[in-house]
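Down below are the structures I want you to see.
Shared between the two complexes below is chain A, which has chain B as its partner in the first and chain C in the second.
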Partner chain A sequence: MKSISHDRWALLVSAVILLVLPLVASGYVLYIVNLLMVFVVLSLGMHVVIGEAGQFALSHTAFYGIGIYTAGLINTACHPPFFISILAGGLLSAVLGYVIGLLALRMRDIYLALATFAFGEAMQWVFLNWDKVTGGSNGMRMQPAELFGLKLTNDLQAYPFVIGVAALMLWLTVILSRSQYGSCLRAVRESEVAAMAMGINVKAMKQSAFAISAAFAGIAGGMYTLFTSFIHPESLGFQTTILVLTMVVVGGIGSVRGAVLGAIVFGLISELLRQALSVQEIIYGVILMGFMMFKPKGLFAGNQKRAATVITPAASA
Partner chain B sequence: MSAPPFLDIEGVTVRFGGLVAVNKLSFQVERGTIHALIGPNGAGKSTTFNCISRYYQPTSGRIRIQGEDVSDYKPERMAGLGVARTFQNLELFSDLTVYENVLLGCHAHSANTLKGLLSRPSGETRDLVDSLIERVGLMHDRDTRASELDFGHQKLLELARALALKPRLLLLDEPAAGLRNHDIEGLNRLLTELTQRDGITVLLVEHVMQLVMAVSHRITVMSFGEKIAEGTPQEIGQDPLVIEAYLGKGAAHA
Partner chain C sequence: MSLNDSWLFLQQGVLSGLVTGSVYALLAIAIVTVFKTTDVPNFAQGEMFMIGGYVALTLLLIVKWPYAVVIPLTLVIVAMGGALFQRVVMERVTGSKGVGVQLVIATLGLAYGLKGLVRQTGLGDTPRSLPPLVSGDAVLIGDAVLTRLDIAIFMVALVVMALLYLMFNKTRIGKAMRAVGMNPRAAQIVGIRLSHIRMLVWALSGLISGLAALLIAPKVLITPDIAHIAILAYAAAIVGGFTSLPGAVLGGFIIGILENLVGLFISTNAIVVAPFLAILLTLIVRPQGLLGGKPQLKKV
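And now, the complex of A and B:
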């Protein structure tokens, strides 16, 4: 019970900070916060498929890209309220995620990781070469997202909506994790053989986890279009997937709290290291190794007993 | 006309490549009884078991439950029919708590609709889970992860999880293996109670003869994939073929 009130406190404090921030912070700081919120949703999506369902899907950035291009193209073409273009990207990603989820029915572990990695690479190639739609290697300019005539042209205007969508996705993740569906995903992760004996449709669980995870990534892509006007396929490569994987694993695999805090910490680190370009990778690697050596179970998953209390539905009821 | 037997195995053969693991096996289990399947290692008991719970597909033969032919069913469909099983080498959800393990056993009746799946378990389900944890004596470890329990307690947890299905047929694969005498007596009492009070039919694969002889109504003996004897515990205890299969040729005459 104690850890739950900790989480409540953390949420309350974050809410206050996020409310005050636009009054005092510069545009750059708000841009960072917006970007971190995108990472939080990406990380939550990967948490569902890897952390809960135990399926090593490394195609996350592909769905993120699909979300960005879909929302960006829709915004440019017909200026609908932004949530429509975000939803469209999420939906398209979910459908494709469901199809890619078929892979998980035939292979597992490292083989699944390789196959989904290949899909991610293929999608980046599509983004780079489908000139007519994505602008190819020139990148793509996008019209700003709108809400009933209000154009979101800077980070401050986008800020409340980016935060809102991130909060909604976090809430959905918590609901999902505490539902019996969440239990079923963890059952599949722990033992497919036993899950079947419980009457759990293992294939449906895996495929739906893929679809939900992809939907999260697609929605994260849509969020990105709220505060940016340009996308280049170079940023949609395997590096981004690895960054999100780092957030989930080092944050504490299997824990919603770990996925959120991992996204914030590693999103910040990767953004701050952008200033020190030449040594960026080295510093990043050292930090990562340090975390893996001293906190192999994750930074924020709490001790095991505590993690167990959080995921037990009755304990949090 | 009498009702069909609860479980009807008819001419089941399982081949793995050139190996015949089970050969034209037939037997029936009557409702509300404890039926034991015994035999030396490699006799095909677990293979038979895996056919009934639909993990293996027999090469030929039929499996019927209350007259319903289940020979082509998928394993996840069996829970809905009231068939629960435990595993010889434990298949717990190791990283989950005792509570969540047993809760997952309720899946077939508490999360069988989309609405059920997306909501938290009902109060009724949570009470059932707690009563089962209590019944196998694990209340003290309710929020402990399954992997942290000792072996005997893990076996009990698997049993509680199987009971959470509200089974009509319980398939137990060596539930007494690795248990101490004291725990075997508890298991003995629990099995008798399950059939007498709850009307559950039990098919038991077991090597611990002390338990088999005490609780079984009928025993089917297998050796090298074939049924070599069937009868009450008394009959089986005196059957020369059984003694030979277990102790080797000549032992029956000694």
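And now, the complex of A and C:
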């Protein structure tokens, strides 16, 4: 129970900070917060497929990109309320994620990682070369997202909505994690054979985890279109997947808290050191090796025991 | 495209493919050896290769030592770096119950660190090649044109592969490496020191990376992003079967030839995506690769 109250405190403090921030902070700070929220949702999505279901998928950025392009194109074409374009991106990503999930039924571990990695790289190639739709290597300008005639043209206007969507996704993740479905995912992670023996449909679990994770990434992409008007495929490569993987792993595999905190820490490092690429890379390298050497389970080790008590909904998130 | 042109393209594609493929094959061998003995897919393979290129570049163009010193020194430095990484970092990660994910992330950390280091030194700002030891004169084989340098690269790569074959099959060290790859516990029981062998394997992979870098560096510009070449080596390893050394060689040649044929027949734009399609296709159609034997299934 103690940890739950800690979480409540953390949420309360973050809520206060997030409320006060737009009154005092500059546009750049708000931009960073918006971006961090996108990373939080990306990281939560990867948490679902890697942390809960134990499927090593490295195609996250592909779905993120699909979300961005879908939402951006819809916004540009017909100016619907922004939640419609975000949902469309999430839905398309989910469908594709479900299809890619087929891979997970045939392979595991390193093979799955490499196959999904290859899919991710192939998607980046599509973004780069499908000139008619994505603008190719020139990047794509997007019309601002709208809500009933109100155009979201700067970071401040987008801020409440970005925060709102991120909070919603966090809440959904906690619900998922505490539900029987979440327990089933963890059972699959711990032992497929045991899960199967208990009557869990392992294939459906794996594929749906892929779809949900992809939906999260797609929605994160839609969130990105709320406060930016330009996207270039350069930023949709393997490095982004690795960045998100780092957030999840250093935060603590299998822990929602870890995914959120990891996203904030590494999102900040990556954004603040954007100008000094070499320093950023060295710091990453040292953090990654150091954590794996001395704290391989991450900041918040996931509760590994939970899967042993499947079916009864778990008590803590 | 006339039939004559196609025939010419085919010859050129296959021959050029064999040359680049031989370098991919070397790197794929390094990946597979490390994976078999330590269960780590080394995501820093490309960066080790890049470091090899930069060490040689520094020694040759900045310190201005002759090739006769630079070649062995480069190999020793990269090999020792590999051994050091295994000894200091990977041993510790394995020791703290690190499993697949953690080990992979640690190699990613190495990849980031090496890339950052090279950028930090500023060496990466001006892409350079090594001065070639062999002249770039053209040689006509059939209807295809190769340079003398290409032929030298191919020959040296073949010799190295032959030496590796001998090492793995005739020497005690090589046999011990294979034994650890087959069954680490049994290998330990017959008196093989696991940590020792794993260190040697990483040293070997460093050595091969350094060699590959020395071979290809006169032909291409060295940049911090040259590590991307490892993706082709990964594709080669997967196409050949991730646990098979002959498979890695075969895969290397296949990927090299495929890359060149795609470039000649389809478009240079498609070259980038070809290895990924090869990876996806292999994993979907024949996950164990061409020479990977039966797929392994882990139970409970």
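In this section, the second predicted complex is superposed on the first by the 299 of 317 C-alpha atoms of A that agree within 3 Å, B and C clash if a C-alpha of one lies under 4 Å from a C-alpha of the other, contacts with A are read in each partner's own complex, and residues count from 1 in each chain.
Basically, a residue touches a chain if its C-beta (ideal position, glycine included) is under 8 Å from a C-beta of that chain, and two chains touch if they have at least 3 such contacts.
If you're wondering where the values come from, they're calculated on a predicted model, not measured in any experiment.
Between chain B (first) and chain C (second), which does A:29 come into contact with in this model arrangement: first, second, both, or neither?
neither
Quick one: classify A:201 as touching chain B (first), chain C (second), both or neither.
first
One more residue to check, A:191. First (chain B), second (chain C), both or neither?
Both partners, chain B and chain C.
For A:294, is the partner it touches chain B (first), chain C (second), both, or none of the two (neither)?
second
Tell me the contact category for A:110 with respect to chain B and chain C: first, second, both or neither.
Second partner only, chain C.
Any idea whether chain B or chain C touches more of chain A?
C
For A:133 in the superposed arrangement: first (chain B), second (chain C), both or neither?
In the superposed model, A:133 contacts neither chain B nor chain C.
Between chain B (first) and chain C (second), which, if any, makes contact with A:12: first, second, both or neither?
A:12: touches no partner chain.
Regarding the shared-chain residue A:284, is it in contact with chain B (first), chain C (second), both, or neither?
In the superposition, A:284 contacts chain C only.
Need the overlap of the two footprints on chain A, from chain B and from chain C, as residue ranges.
191, 193-194
Of all residues in chain C, which touch chain A in the complex?
35, 41, 89, 92-93, 96-98, 100-106, 108-120, 231, 234, 238, 242, 269, 272-273, 275-277, 279-280, 283-284, 287, 298-300
For the complex, give me every residue of chain A touching chain C.
Listed in rising order, the residues are 50, 56, 103, 106-111, 113-115, 117-119, 121-122, 125, 129, 191, 193-194, 242, 245-246, 249, 253, 277-294, 296.
Please output the residues of chain B touching chain A within their complex, sorted ascending.
Per the stated touch rule, the residues are 53, 55, 74-80, 84-85, 87, 91-97, 99-100, 103-105, 107-108, 110-112, 116-121, 126, 129, 143-145, 161-162, 165.
Taking the touch rule as given, give the residues of chain A at its contact with chain B in the complex, in rising order.
These residues of chain A touch chain B: 175-176, 178-181, 183-184, 186-187, 189-191, 193-202, 254, 304-305, 308-309, 311-315, 317.
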